[in-house]
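For reference, chains read A, B, C and D in written order, and residue numbers begin at 1 within each chain.
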Amino acid sequence: MIFLRRQLPLLITFVMGLVFAAQYYVPHPASEQLLTTVNKWIQIIGGFALVLGVTSLFHLHAVKIRRKEAGWGYSFVLYAGLLGTIAVGLWANGKEAVNGALTAFGWMYSYMMVPLQGTMFAILAFFIASAAYRSFRARSREAAVLLVAAVIVMMGRVPLGEYLVPISGDFSQWILNVLNTSVRRAILIGISLGAVALSLKIIFGIERAYLGGGKE
Amino acid sequence: MTFAERMLHIDRRIIFLVIGVCTLVPLLYPVGLAIKVSPEVRSVHDHIESLPEGSVFLLSLDFDPASKPELYPQAVALLRHAFQKNLRVIGMTLWVTGAGMADQVITQMARDLGKENGKDYVFLGWSPGVGSLIITMGQDLYKAFPSDYYNQPTKELAVLKGVQNLRDVNYVVSLAAGTAGIETWYVFGKDKYKFELGGGCTGVIAPGLYPLLRSGQINGLIGGLRGAAEYEVLIGKKGRAVAGMDAQSATHFAIIVLVILCNVFYLSIRASRGKADPR
Amino acid sequence: MPFEMLLGAWVAAGLTLFIFTFLYKDNPLFKLAEHLYVGISVGYTIVKVYDTVIIRLLYEPMVKQGDWSLLVPLGIGMLMLARYFPKITWLSRIAFAFIVGVGSGLAIPRIISSYILKQVEDTVRPLVSLAAEGGPTFTYNLLDPASNLNALVLLIGVVSVLFYFFFSIEHKGPVRVAAHTGILFLMISFGAAFGYTVMARMSLLIGRLTDLIEFADPQYGRASLWLLLATVATLIVWSVRRGEQKEG
Amino acid sequence: MGKSQKTRELWSPFRYALRITRPPSRGFRRTGHASLLTGLLFLLAWAAPAMAAELSAPHDVRVIDTPSDSGGGLTILWSKADYDGPDVRYQILMGEGAEKKMVAEFPANSHYVRDAKFPWWTRPAPRGFHQYDIKTGKGIELKDGTAYAVSVAVRRGDERAEAPAVQVVPEPNWVNWNQMNNLLLVLLFGAVVFGSIRAAKRREIFLRRIPGLDAVDEAIGRATELGKPILYLTGAGDMSEPATIAAAVILGRVAKRVAAYETDLMVPHRDPIVMAVCQEITKQSYLEAAKPDAFKEDSNFFITTDQFSYTAAVDGIMLRRKPAANFFMGSYFAESLLLTETGASTGAIQIAGTDSDHQLPFFVTTCDYTLIGEELYAASAYLSREPVQVGTLRGQDMGKGFILAVLALGTVLATVGVLFGTDLPLIILDLFKDLK
């Protein structure tokens, strides 16, 4: 029993990890086939994980409604949106359009999902402005450098900027292409080493946080 | 609290308002700031310009509502240009979720320019298959689309007279928000049936399509809202995209001015208090 | 104008405005849109997962093509639900172990390839190039990403930022200088990325506002205008009533 | 095009008969260290009759199954010739007799082995040789295990010369030798990491202070003073991402402090598995802090997987519950700014840590402290002081040191290569290339 509980998961991780790391070095079609199959499997298993999440969401709002917490009425709105979408979606067999004509599910997607999502994104435009006002202060040399770079790039990306300061377009391009690339590259190298180290530790059973409960 | 301090802790809703106004006003009353036209946009325009009246122009609107802000203005500009040049326009989409919107833009533009459905243009709608659909169209257009979006039999349409398959199409432009788009049209269409192909795409995927442009697989590329604005400048009809670029300039400068102001206030406070950080 | 499009315009314009009210203050209209959004998006994901996973990846291949090997992922997926039964909770670990094991294995060689080798390969460039007549020269055109000067700047940037990320040595002496240069590079890059993103976000805002302007057209029954009025009126009423409640 | 091709083929026998042999090209002598096999082939080609004064058939033609591929591919190699230039064209032909067809035609100064990016350990012929790969696709189908006849012809205007066809069988391979440098690095780095973990178990390893971390305690303290809750986000990643694991480890530390002070903790999630894991971790922390009763199962809760509806909900929580401290650890996308700006407007202390480089600018500008990239991993090691974590960090530092050395040495070697026109530095440089 102890073996099943503690060792079996580690063994599975170990075997799967080695097999799929090795898969990369094998160009044979059999190895490609293996990769496609397991990708499909992961997708299926991931689908079940959603059940966990949805149950948690249902539970959270059910509690809110039961306890009549502040704003519990909105939980009903949430339920209505959720169940309504599912009903409409199943009715349309999960298809947004049939023969080029929108289904009710497609209608919900185009006229509810897309505007809601797009508007949340658009709110970022306002927030980015207020963030700039609040935090772009030349408190230190570093902060000054940051704000100057931001201003140059903002100038260089629009017609008015290119018109007022003709060099700003090329200069902002240079900052983006050379300076920005070098920094992102260094950050990437660093975090990639971290990611590889972590993956190795997971495969060899040294890191077990993903199993929950940290140490045991 | 001094004036500068008050200004530093200004209610952020005022900033929101500034940004909102700076976006909305240019959209409603475009100024039309000069926009540099890039060669890749110009080549799409010049190709359409070079087509004689009555040539067949196929516009594939391969995007869904999520990419509307960038690709819709491109579609409007291209359709306007094609209709003005009295080309025969065929509209279609490879994205099932985009059919309704595509129909809307074509109908709207045709109405604005006094074009008649079936005679000057046709909207074929969507049909499954993506790559194989393009291949079928390359062999026989009427097999791929026996009827158009409004269920009119395509064989009887005046606009399609003399058009058997994709070889009879003079220019194809795909406005794409991803795959099932420009690459698809190249691989399954242009490669085999030898029509000229142009593209338009969202800003996000544009860098990935530049290799196709450099190798001549597509003859031009309209990238994002900026590309749409350039096209509008070329056809001399400044529309949403140009207005969008004005709005973009306005907001960028609003932010730059805000940043400068906030530093002026900040530094003036710091000067009056010595070196202490007035956070 | 077909009815569903007209209705769509009204709904889309309304929801857009409701979300925008968040800029003023958290309020019932935003909360309504927010909860609706969460509901619809979860519902949408459930339908899509049902359609792709249950129907297209599981049911059809198993029943129509007799691919019974899919019972394996089905079984592993079921194990995940063991979390709900305290006695057999440990079974769900098998599912986690499978996913994480495959993920880690796949990651290692691919990360080395595209984030380490590829990046190193592209940073290691000769600092001289051959001129047309054959002699070595140093090209310093800043606008050409492949020029020697840019190769040098790139190298300095990568090296100094890497120095900043050393954790097991003290930052003093030359390391300190390098790490400090690294910080400057970091800040320039952050500033540039910030400025660049401003453009992308503004395009989205422009897109939303363009839609609202379109829906203000008479053919949509001036949806945006009427809804804007209604939204503002609701907000005023709400603020007044809340003010009264606070006083009372 | 097809038509003219046929005419040319009709003509070729005559031209073939009129040819006079001619010594091989200069190019071959330069790459004189060719393998024994190439040498033999070269002799064969030398012996072959019928070579034109102006245009000789391609020499040393060798056709092999494309090495390190998944099958359906053939590689043709032949030496370069005097006449290589833009006006002369090579043709690749497949099949025999009437079924012979042209697969490709290209200028004779293109398609060299050196363009094909082989590392030195798998290069099938000297770098000056020509190379062409025939692959399944684009109207060609090569079946594994079937023999194909392939030949190379050269054409200048109307002149044409063709080398004899070679039979070869395409096959899939079991090892991609081009990527062995990748494997070598994995093994090397693995050894370094495990070695330093062992070292860390035996003795203390120095870690420099990370300034953002002092702020963690400060933030928890302030929340307790104010009697307000703490909001902790673990990001958008799943449990196999290092950032998420680091976020979960740091959550464990934060939860322990929070438990000791009996402050409220809220952890909204986007990934159900991460939620499940974090629940366990939080529970454990409360146990360790000897406050198991204070643990609430629903302090970790799921909202939705969708980016913006999640954000809208978390923003709502910030505005309604007004947490005194917001932690943003893990990986983030465009939602970062929506979260941090809303948080800032409620006056909370904000501490972020992420390896999502594209979101770092927003965290850096809007949060009080930000753990940049690897600092996030370092923070979890610094806080836990576990030998495994500390040792890993040490191993990563050694990896970075190694890469720094490669960058410096590599640049010097590459420069020397250009200055002296030599290929020798490639022996080292090839080891650090990403080859497919």
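What we mean here is this: contacts are C-beta pairs under 8 Å (C-beta built on N, C-alpha and C of every residue); 3 or more make two chains touch, one makes a residue touch a chain.
Predicted model only: the values in this text are computed from it and were never measured.
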Chain D reached from chain C - shortest hop count over touching chains: 1
A-C or A-B - the one linked by more C-beta pairs in contact: A-C
For chain A paired with chain B, centre-to-centre distance based on mean C-alpha positions, whole Å: 27
Rounded Å distance, chain A centre to chain C centre (Cα mean): 5
Computed distance of Cα centres, chain C from chain B, in Å: 23
Distance between chain centroids, defined by C-alpha means - chain A, chain D (Å): 20
Residue numbers of chain D (touch at least two other chains): 179, 182-183, 186, 189, 239-240, 273, 276-277, 303-305, 308-309, 312, 320, 360, 362, 364-365, 372-374, 400, 403
Per-residue multi-chain contacts in chain A, two or more chains: 21, 24-25, 49-52, 54, 57, 71, 95, 102, 109-110, 114, 116-118, 120-121, 123-126, 128-130, 132, 134, 136, 146-147, 150-151, 154, 157-158, 184, 187-190, 193, 195-196, 198-200, 202, 210-212
Contacts with 2+ other chains: residues of chain B: 12, 16, 19-20, 23, 68-69, 100, 248, 251-252, 255
In the complex with chain A, residue positions of chain C that touch it: 4, 7-9, 11-13, 15-16, 19-20, 22-23, 31-55, 57-58, 69-70, 72-74, 76-78, 80-81, 83-84, 90, 93-113, 115-116, 119-120, 122-123, 142-143, 145, 150, 153-162, 165, 182-199, 201-202, 204-205, 207-209, 211
Touching residues on chain B, where the partner in the complex is chain C: 13, 16, 19-20, 23-24, 27-28, 68-70, 100, 104, 203, 224-225, 240, 244, 247-248, 251-252, 255
Of chain D, residues touching chain A in the complex: 68-71, 172-176, 179-180, 182-183, 186, 189-190, 193-194, 197, 239-243, 245, 248-249, 252, 269, 271-273, 275-277, 279-281, 284, 298, 301-305, 308-309, 311-312, 320, 334, 337-338, 340-342, 344, 355, 357, 360, 362, 364-366, 372-374, 377, 388, 392, 395-396, 399-400, 403
Chain B to chain A touching residues, read off their complex: 10, 12, 15-16, 18-20, 23, 33-36, 64-66, 68-69, 93, 96-97, 99-101, 125-127, 149, 245, 248-256, 258-259, 262-263, 266-267, 277, 279
For the chain C and chain D complex, residues of the former touching the latter: 19, 22, 26, 31, 33-34, 37-38, 40-42, 44-45, 83, 92, 96, 99-100, 103-104, 107-109, 112-114, 116-118, 120-121, 123-130, 136, 155, 158-159, 162-163, 165-171, 186-187, 189-191, 193-194, 197
